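Shared between the two complexes below is chain A, which pairs with chain B and chain C, respectively.
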Partner chain A sequence: MPRYAKHILFIVAPLVAAFAILPFAYNNQLLLFNFVLFLTLAQGVNVIYGFTGYLPFGYVGFFGAGAYGFSLLILHLHAPPLAAMGGAAVAALAIALLLTPLLRLSGAYFSIANLAAALALMQFISNPNLEAITRGPYGVSMTGVFNPRLAYTMALIVMAGAMLVAVWLRNSRFGLALQAVREDPVSAAQAGVDVPRARAYAWLISAVIAGLAGGVFAWYVTVFYPENVFSSDYSIFAVVFALFGGVSTILGPIVGVLILYGVYNFIGFSTPQYFQLIYGALIMALVLFLPQGLISLVKRRGIDVP
Partner chain B sequence: MLTYSLLAGLLFGLYFSLVGLGLNLVFGVMRIVNLAHGDFLMLGAYCAFWLYTLFGVDPVFAIPVAFVLFGLVGLPLYYLLVPRLLAARDPEMLSIILFFGLSQVIEALATIAFGTSEQSIPGGDLGRALREGWGRLTGHEIESGPVEIFGQSFPSAWIISGVASLIAVALVYLYLYRTRTGYLTRAVMSRRDEALATGIDVNRVSAIAFGIGIALAAVGGVFAPFMLGSITPAMGVDSTVVSFAVIVMGSLGNPLGTVLGGLVYGVSYMLVQSYLSSWANLLPYLLLIAILLVRPSGLLGKRVRLA
Partner chain C sequence: MSPDDILRIDGLTKIFFGFRALDGLSLHVSRGEILGLVGPNGSGKTTCINVVSGLYAPEDGSIRFDGAEVAGLAQHKLVHRGINRTFQVPKPFMQLSARENVEVAIAYGGARQGEVDAAALLGSLNLDAVANRPAAELNSAQQKMLDLARALATKPKLLLVDELAAGLNPAELDWVAAKLKEFARSGMSIIVVEHLMGFIEQVTDRVVVMNAGKEIFGGTLGEAVQDKQVVEVFLGGGHAH
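This part shows the complex of A and B:
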């Protein structure tokens, strides 16, 4: 059996199946939905950070763009939700194309510019002058398309898509080219990799993943404010989850979300400050003692992790 | 209105330079992003607030206290975090995440200690002790009311903050260009590995720079109640973003660049505030992106940072 088939059969399929069955056994639907959402976002961060080394600190910009792309089609064109999902992807893609020049920047400059771009997009959308179009700071309400079961199914499909992208990158020539660019752009260019184009593709793919996740989020909640879909928590959680598991693998982000988001919900929301304290300390310990993620514990023993 | 905006912009610009200065120093020397910069600023603000509330200390005297206190916090913090971080594979990226964690820890501890309610210090009390001392020495009492410049009146707190920021920037400039440690610091800034090879104690130099960087953030925080409005434990993030905008506009490792960045930011902020107030919040971000894309090395920069 080829490697990619193994990865699909033993990683993606069981994961999707588990989250398809869980709603019947467990009644906290919102929690399950959030798990699916973060699995998607963490895998999306993996595509850009794990395979190209660009840390998208404003990743939530695409998520928000997707949420608004979805909502605007529903609000103004009364599009059916499935078509509006296309709007979510297009919105994120458009923002990503607009921001492609940011890839010229390296390291922290890219991250900061990306963060600034996400914040600018939020300020733009929530501006009261645009109330007629985006509803400004007063938020979007589209209770007409409220259908959590269908939205959850859609979220599962999006997650499966994100996972398949990771499988593809892990097993394809293109994924290998991206990792070569991350390690040493000059050598990669000499080996015949079109560096800017490879980076741009990874960037656009990762943006579309976040955009679809945003669209499906908008569909699931149907009522939200700009602060909800542009909350920097999404960027940060997605990055931390992916990093905790270990990037540039398929399994890393999945393990990261399942463990860390599990812990997050286990600690609970009742005392936000203590939670924030523990979480912050956990992040620091992670970077200091396990910068390559949990996966590196296994990799160190010479075992190849998909 | 235009004169007012320009002058107020200059005052705020000087203050924003002070806010960004410490971040610039840390990034320039260690190539790491201190995402907790704004949180140290917040702690500095609370330091001034408690000294004022509990002992009635003029915030002007909180400046040396905050500088020494947070400098002493910064040194052990450096040895605790940074050498380990720099040994990792991609320290620049990991630093963003590490210091995000630190910023969360600080914000949480501050919330537990101080609560979430907004605090402030009356603007007229900044420099009150100095004014009274002056009055006693010379017999001429200086009034604490607004100060007139070119026919525009500004709160005296703005003037004091602007002038104090200017002094702080000048002192950092003197440190970097007129002292031996400063000379070594600039050596580490331009090439860390070569500085190490020449026998410079890179860790010691970096630790001092880190301590000064955090101390400067705290000093910036002392003026925060007057320049940024009320203070809360959650104010750190915004201050960090502003600091970034300022230092990226200027250039790395050059305190003069930070001043220029601060002035550009302050003036454009005030202009937009006066003429297009509903879009004012968008400005810092757009300015940051535009400058990064057009002149990635900053307004005074020589170093290229293209990928």
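This part shows the complex of A and C:
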């Protein structure tokens, strides 16, 4: 069996199946939806950070753009939600294209510029003068599209898509080229890779994943404010989850979300008074002792982690 | 440009913050020739390789390769046209295995499908035993060979070799010299930048001596050591005029 088929059969399919069945056995639908959302976003971060080395602290910009791309099509064109999901992808793609020059920066400079771009986008959308178009700071309220079950199903499809992208990158020439670019762009060019183009493709793919996640979020909640969908928490959580598990693998971001977001909710429910202390200590321990993520514990033993 | 020339450089100039690293350099390389590029530190040898391989764009001058002007083209485009290089300090993809290092270049370097076999290429450079190990775990001589393997995987017509011999033991030097000659016999042209004169004498057909970004001598190494200007540059401690 080819490697990619194993990855689909033993990683992606069980994960999607589990989250498809869980709503029938567990009542907290919102929590399950959030898990699916973060699994998608962490894998999106993996595409751009794990495979090219760009740490996107402003990743939420694409999520917000997707949420508004979805909502504006519903509000102004009365588009059906499925078509509006296309709007979410296009909005994120447009923002990513606009921000492509950021890829000329590297390291912290890229991360800071990306964060600034996301904040600027939020300020633009929140502008009261644009109320007629974006609803400005007063937020979006969509009527007639509220359908959590269908939105959850769409979230599962988007998550499956993000997982399949990770499988493709882990098993394709293009994924290998991206890793080469991450390791050493000069040498990658010397191997014949068109470095700016490879980076741009990864950037656009990663943006579309976040845009679709934003669209499905908007569909699920139907009412939100700019600060909800441009909250830096999304960027930070997605980055931390992906790093905690270990990037440039398929499994790493999945493990990161399941454990860390699981712990996050467990502490939040059981001992909320110690929540920030315990969570902060966990992240510090990760950075100090496992900078390559949990997956590195297995990799150190010479085991190839998918 | 003579039909025998694969590369002809005319008046090549590269300026870094007012410093003329290349100052109107002119040279040519024939098909299947191994040209030695020698000169004191700072004479512009590595800059020449960096400009020809597309790492830096020149301010002025012409680089004609295989009948076409290529000055200022991006690195990957030059790779596809048939120019590749090694680095003074090897730059493999450290987290990727030796095999993956080569596979990237096979996939993207412009060689026809099936033309280059990763295992055979690694084997030919004595890297078969470490093919599945991350490049970071290889010793410096192996990393140099991996740098060379990545370049060879793209089937270059012109190979630019920047101080490949530095740090190798005598047996490894002889082996590398034999390899370069073997490549040249198959039709590949090679420019070798090197400080080890014994190695230069062993592998090159002709040398170009550089000083202050210019060619000051062209001929055999034996003729070069008889040349007053060359001797003054190497032993005089100053720039010849």
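Throughout what follows, the second predicted complex is superposed on the first by the 300 of 306 C-alpha atoms of A that agree within 3 Å, B and C clash if a C-alpha of one lies under 4 Å from a C-alpha of the other, contacts with A are read in each partner's own complex, and residues count from 1 in each chain.
One rule holds in what follows: contacts are C-beta pairs under 8 Å (C-beta built on N, C-alpha and C of every residue); 3 or more make two chains touch, one makes a residue touch a chain.
Not measured: the values here are computed from a predicted model.
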item: Chain B versus chain C as contact partner of A:L243, first or second or both or neither; value: first
item: Chain touching more of chain A, residue-wise (chain B, chain C); value: B
item: Touching partner for A:N129 - first (chain B), second (chain C), both, neither; value: first
item: First (chain B), second (chain C), both or neither touched by A:G192; value: second
item: First (chain B), second (chain C), both or neither touched by A:D184; value: second
item: Chain B versus chain C as contact partner of A:A84, first or second or both or neither; value: neither
item: Which of chain B and chain C A:L288 touches, first, second, both or neither; value: first
item: First (chain B), second (chain C), both or neither touched by A:L176; value: second
item: On chain A, the residue positions that both chain B and chain C contact, one per complex; value: none
item: Chain A-facing residues of chain C, complex; value: 53-55, 74-76, 79-80, 84-85, 87, 91-96, 100-101, 103-105, 107-110, 150-151, 153-154
item: Chain C-facing residues of chain A, complex; value: 173, 176-177, 179-180, 183-184, 186-195
item: Interfacial residue positions of chain B with respect to chain A in the complex; value: 27, 33, 81, 84-85, 88-90, 92-98, 100-109, 111-112, 237, 241, 244-245, 248, 278-279, 281-282, 284-286, 288-289, 292-293, 296, 305-307
item: Chain B contact footprint on chain A (complex, rising order); value: 49, 53, 55, 57, 101-113, 115-117, 119-120, 123-124, 127-129, 185, 232, 236, 239-240, 243, 273-277, 279-284, 286-288, 291-292
